[in-house]
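First the structure, which I've put down as structure tokens, then a few questions once you've had a look.
Naming follows writing order (A, B, C and D), and every chain is counted from residue 1.
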Amino acid sequence: MPDKLKLAYFLSGGCGGCDMAIIDLSETLIDLLLHLEVVFWVPTITDTKYKDLEAIPDRFIDLGLYSGMVRLQEHEYIAKMMRRKCKVLVAYGACAALGGIPGLGNMHTREEILKTAYFDTSSTDNPEGLTPQTRCVVSGKYELTLPEFYGHVRTLQDVVDVDYFIGGCPPHHSFVRQAIPVLLFEKLPAPGSWITSGKAVCDVCDRNPVKKGEERQLIREIKRTLEGAPDEGKCLLQEGYLCLGPVTQGDCGSLCPKVNIPCMGCGGPIPGVRDFGLRAISAIAGLLSSEELVDQIPSPVKYFYRYSLPASMLRKKLGKV
Amino acid sequence: MRVWVPNIVVFACNWCTYQGADLAGSLRYSYPPSIKIIRVPCSGRIEPEFIVTALKTGADGVFIGGCHPGECHHKEGNYKAVLRFNLLKRVLKMMGVETGRLRLEWISGSDGKRFADIMTEFDKAVQKLGPNPLRSDVNA
Amino acid sequence: MPKTGVYICHCGENIAGSVQIKELKNHAECLPGVTAVRDHAFLCSEQGQALIKQDIKDGLVDRVVVAACTPRTHEPVFRKTLADGGLNKFLLEMSNIRDQNSWAHWQDPKGATAKAKRLVASAVAKAVLLEPLQDRFIDVRGSALVIGAGISGMFAALDIADMGFKVYLVEKNPSIGGNMAKLDKTFPANDCAACILTPIMARVITHPNIEVLTYSEVESVDGSIGNFVVKVRKKQTYVDWNKCKGCGDCVNACPVTVPDEFNECLSSRKAIYIQFALAQPRKAVLDVASCVNCANRTFGTKPVKDFKTGGPVLAHCEKACKTGACDRSVRYNPEGEIMAINVGVIITAAGFKVMDKTPFREYSPQSPNVITSMQVERILSPTGPTEGEFKRPSDGTRPKTVAFISCVGSRDKSYHSYCSKVCCMYMLKEARQIKEKHPDTNVYIFFVDVRAGGMDFEEYYAYCRDLGIKVIRGRVGAVDELAGDRLRVRAYDVDMSAPVELESDLVVLATAIEPAPGLEDLSRRLGITCGSEGFLKELHTKLYPVETSVRGIYIAGCVQAPKDIPESVSQARAAASAAAVPLTTGRVVVEPLISEVDTDKCSGCGICIPLCPYSSISMLQQGEKLRARIDEALCAGCGICTAACPSRAITLHGFTTAQIEAQIEALTVVESGTFA
Amino acid sequence: MKKVALKKIEISPMTRLSGQGKITVFLDEQGNVDNVFFQTVELRGYERFLQGLPIEEVPRTVSTICGVCRCVHFTAAVKAADAVYQVNPSPTARKIRELVLNSHYVEDHAAVLYALGFPDFIVGPTANPAARNLIGLIQAIGSETGKLVLKRRYTAVKVIEMLAGRPIHPVAALPGGWSKTVSEEERKEILELSNEMVELGQLTLKLFEDFVLKNKDYIELITGDVYRVVVNYMGTVDEKNRVQYYDGTQRIIDAQGNEIGRFSGKGYLDYIAERVLPWSYLKMPYLKNLGWKGVVDGPETSLYSVGPLARLNVADGMDTPLAQEAYEKMFAAFGTKPVHSVLAYHWARAIELLNAAEKVRFLASDESITHPDVRVELGAPGEGVGIIEACRGTLIHHYKTDGNGFVQEANLVVATTHNQGPVNVAVRRAAEHFIKNGKVDEGILNGIEMAYRPYDLCLPCATHVLPGQLPIQVDVYDYEGKLYKSLRNH
């Protein structure tokens, strides 16, 4: 191998789970580090300051992993900087690629969220009816500032060109183990691609009826996970549990169905699909055996867009400022 | 000052509604020119993406025309269509889309008059709602 | 970027009368990829088409948009134009600016013109993405399967066989002939059923191109038009038909008697039996369920020695049989044998069954003298239980009074809402036979109303009334048993608007015609749908009355709905000629506007399979994975699967997602045109 | 713009804590610290968008509040879901949940100590920042030891995936139960792995003793006043007042160690209130019955702190032998209880790591955990509170649902929020120590950061925000509010 390849990792609006997925590489992480120079890994691992980052020459970094969605100006700023500094920029994990679960915030206005956080919640003590201010003066002399709280979540692609996408909330470390070498040492797929097998969860799921030589049946009832217990080895979707396996990249190895929980779609859409939720609607609605079932699907937006609302065609709830 | 006229996309099944539209024309039943038809082989071909794309790119209303229940040329296509349409409508409603801009009707090849009437009425309904906010909203 | 030509038709004044052609042309010229824009008074005329051909020949255009009338009438015309011009005919897109524009917006030229621009733009957007497609052909095997050897099946088989194609004729009973073999005479000519049927049966049996498989049933059907693979189960006869000469000695020798279905259980047959006197093929069959295995001769066992004679101890049938056809030492497989046959087309003529009397409590079905019309047929038949003597079952005496009751189980929501169609006529026929033979008999027919539509039928009805057959209009409420095996019929006479009562020696119920038992299973095996009443459904009532939703499978006779013999025969021959088209051409065209799976993209989730209305999708091994595959002969191009595929692995040619979305954008993208 | 007659220093971001915060220091005219504010700069609003979700989907969704605390929001939420449906989990389900949570303690405490905490000691607080991180640490302890540590830590991750479906953001929980049963093979495997976990616990304590306790500078640092914050403490204990994580009652003690409160479930509302501050997105909790006294420590304070040290402070001991030993050793070393030294958090964390490992071994050796009864009949849905001890301290999830079990209201009070007050005090104390006469250079930054790092602030949790990156800046203003010196590094 030539001299060490340069890696940069930035966790912006992310929960840190994607960082932990790399930590979970465990010993292999240390081996990987032998071939890698970690230029920075902030904020979780390295003590890198802004100036170090800016000092880096453009396209100096071979691989940049951006995890977390874009919410603050700072996120956007870093995203753009990473774009400049990195030869290859990857939207790493559901949040960066699709907006992630926090993207569900796009269903609510800024005001709704503030009201809930600082007024409606039961243990809140707010005698003066305050909300945090971007600029305020405490006890007459201490002037303090806070960044603006933004209403909605964007994906990395909304602010910069992204070379590759990796799904998963977070990506399973075994997949990270495959993906990182691909990105570093192997021939890269066309820019804009997802790093994925390109196949759905069903492809790796043992519950898939087709694999047992059975014909898939229509869905005759809608069940919530707390209703009844799924038959061992039977397809959850067919049993009426809203499993998004058919619509979701299966690079996880179908972890959730293995423990009797329907796939929630964190892997992201199969390449070529523009809108995860709409694909799910088209695929699943057609399977329903009667019209009544349509209305029995609980909170469909939060089910079908649990991880991908900001990446959807509509991006956020409409009719709000 | 230009006046706004709605722009309505109609997905018409080749075997019924598309015929119905032809019939309306040949019998000279008039309806507003805001109505613009895209021919599909069956209402079961229509993807939710089509409807959202139309709304996003600027349609003020989207209409789906299929065969009457039990008369689908492809047996069940219209049934699949209504399942998808209803679920999509639930989702779009929650997403803040005015569902008055979306409509599905069964219009047979002999329903020339009915086609014209429904289109005239749908156009009125869409006019009431005004221009589709999605254009600005989403493209912003 | 393809070169698109836009051809605008004035259609005389029909389009030009409201659409500003000039304005439309200018607009079209600015559309992306458009290399030529022309207009013509009548584009479908020779000169009009010549314009298009010329541009193609000159290499000016390789995609064609025709802005004119509806594609539903003129697409074929212009496709041919392209083909003649030397361009793939599927590179055409029509823009319907007449039927759906100028005609509908006649009074609004401005609006019509603005809309025409959008419609043409949309057509161009799609045209750019059109792909050349090829019609595909499937070879059709020169052989046919006919299911059911009743009058319909036999005629269908004969016509196809006469055209020189191999026909497999499958019949579940030991003999061909079907229900018609049970009839005595047939309306309206009252000619004897046997006299016209037997020659037909003989022709079928002896026809070199017909392989008759009686006592057999269709087990499974795979494949599609051109090459259906059919598994037929030949049920076990326990008699070696190669040796059996149909002499009947075994039958006479057999000690076991059971009710004779052919005689509607009015008489009995033996455990080993020949179905009926005129059976073809005339062979014996053992009803093993009723067989008592005389002398412990269970099949596949060696006979014990007689301690006196030292000879083997045999069962009666074996003893009687001179040809050795009955040999109980043979170990027969009770499952019979499965025979696989390959055919290009299938005609289903599985026939019907008449309803049994038992459900009709109000008509005292327990009385032996309350019988069904099919039973009367047998009683009147010279080959029947009474050798044609008109006797009633209970005591064999000749009834003085007979009452017929119509619409038993037909036109009755609690059974069948449909009309069985033939009952009125056969009741008249049976009544007439009785009246003519025994004029002193009082014959009453209780009609809901008389339906005698059809050639010579009304005359037939009038004649019967003149004979003195009494017709009473009104539903029969009840039939009660009286002393001396007599029966009381209680009805309401609509014409006299009064209740009537009648004492009768025999009551005949015109029970409904029903789908043959097992028809539902058969339809599932064939993949065609049953109507709500359980009969097989034709593709289109008027236009395609003998075709079904499965290409290459046709229907004839009462399998589709109750019919009389003339209708059944004509439909059978219609089915035969429809089926003959693919057989004679030897191949069928497959429209390329169908769906196709990209197996590299398919994730094998199987969601498409239950969605396909034509069961055309199956999973196929691809390496170690299963991937979906669409049978192009079965696919009808509805696109339900395409819209559903979560992996976007399915493409519907001619209506691809990209093409439709391009149309949507062309119609909607906000530009000056939108704001008039 | 209103002028402020003070020098103002802003320090951000605070690296090596999972999340984002900002520290603003005000100097008086002598250039000494006048006041310090610890601010949290983003809000995300899970409490709002959880509304409308079926309660059984909440654990799988709310878990993503924090991927470092990969199991805790999940566990608290499912306990709340039990309460919503008025049921107790089946005994087997309870054991599985506890096993998963304790495995999480092992891997998380290890991650925090090795990635966030140890670098300060083992690499050294004054070392080059570039080396003061996990990678530097690995070089310090040697990549072999490093591998061993990571390998053993991973055993815990493996157990989480095995039982809970996903190794991060688990999924297998159901109201009143668990979606999967444990096979005998799995139990045996976990038992195997638990031995490695225990070894990891022992190794970690040893490293801590070798590198920290045997170094008298560090001992001073730990026991000295710089990092001393005197507040009340809260944590979960069992009936014998031993440290618990999954379930028990909340015990509160004052700065002298006297019990001043006990509660469970909805009772939290009687003891805790969250003060909204205009200068931080993070609310500041205090003990209701003592009343709001502002951001001050000392015997009078109504602030309290949670987390490893707090848990050990409120408890009378540990429920496993090896951990109990270490527990006694620690308090002997300080000679007082409660211990108020912030840096002792790391020590407590190491002890808990061992304790959790021992508990995994204990639970895995119980064969009844393979029993098939992992689901129970549910009651009518209503309101429910779930309280657990997250690695970083007490975590409270509170949900109200409609008749179909769809969330109508959600309230989340998390570890870092509880610690918000003490952290402000700790940071102020450190700043006062390091900044004298207007002398401010980058050297002070880590000194100040060391004041909050022990709390292992998890701001993702706290504001239910996603962490973000701000430029580090130390700006000093003159009396006119004009910038006269800038350490802003970009």
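Convention: a residue touches a chain if its C-beta (ideal position, glycine included) is under 8 Å from a C-beta of that chain, and two chains touch if they have at least 3 such contacts.
Keep in mind that what you see is a predicted model, and the values were worked out from it rather than measured.
**Student:** What is the touch distance from chain C to chain D, in steps?
**Tutor:** Between chain C and chain D, the shortest chain-hopping route counts 2.
**Student:** Please list the single chain whose C-alpha centre lies closest to the global protein C-alpha centre.
**Tutor:** It is chain A that sits nearest the middle.
**Student:** If you tally contacting C-beta pairs, which pair wins, B-C or A-C?
**Tutor:** Counting C-beta pairs in contact, B-C comes out ahead.
**Student:** Between chain A and chain C, what is the separation of their C-alpha centroids in Å?
**Tutor:** Comparing mean C-alpha positions, chain C is 55 Å from chain A.
**Student:** Please report how many Å separate the Cα centroid of chain B from that of chain C, as a whole number.
**Tutor:** 37
**Student:** Quick one: chain A and chain D, Cα centre-to-centre, how many Å?
**Tutor:** 24
**Student:** Show the residues in chain D shared as contacts by 2 or more other chains, in ascending order.
**Tutor:** none
**Student:** Which chain C residues touch at least two other chains?
**Tutor:** 611, 640, 643-644
**Student:** Which chain A residues touch at least two other chains?
**Tutor:** 107, 279, 282, 286, 299
**Student:** Go ahead and list every pair of chains that touch.
**Tutor:** Applying the touch rule to all chain pairs gives A-B, A-C, A-D, B-C.
**Student:** Name, in rising order, each residue of chain A that touches chain B in their complex.
**Tutor:** For this pair, the touching residues of chain A are 107, 274-275, 277-279, 281-282, 284-286, 288, 291, 294-295, 297, 299-301, 304, 313-315, 317-320.
**Student:** For the complex, which residues does chain D have touching chain A?
**Tutor:** So the residues of chain D touching chain A come out as 2, 4-6, 8, 13-20, 24, 26, 35, 37, 39, 41-49, 51-54, 56-57, 60-61, 64-68, 70, 85, 111, 115, 129-130, 132-135, 138, 143, 146-147, 150-151, 153-154, 157, 161, 163-169, 171-172, 174-175, 179-180, 268-269, 272-281, 283, 285, 292, 375, 378, 396, 398, 404-406, 409-411, 413, 446, 460, 466-472, 489-490.
**Student:** Tell me, which parts of chain C touch chain B in their complex?
**Tutor:** Within the complex, chain C touches chain B at residues 70-72, 96, 98-108, 111-112, 114-115, 118-119, 122, 529, 549, 593, 611, 613, 636-640, 642-644, 652, 654-655, 657, 660-661, 663-665, 667-670, 674-676.
**Student:** With touch defined as at the start, can you tell me which chain C residues reach chain A in the complex?
**Tutor:** 601, 603-607, 609-611, 619, 625-626, 640, 643-648
**Student:** Which part of chain B faces chain A closely enough to touch in the complex?
**Tutor:** By the definition above, chain B touches chain A via 44, 47-49, 52-53, 56, 80, 82-84, 86-88, 90-92, 94-97, 133-134, 137-138.
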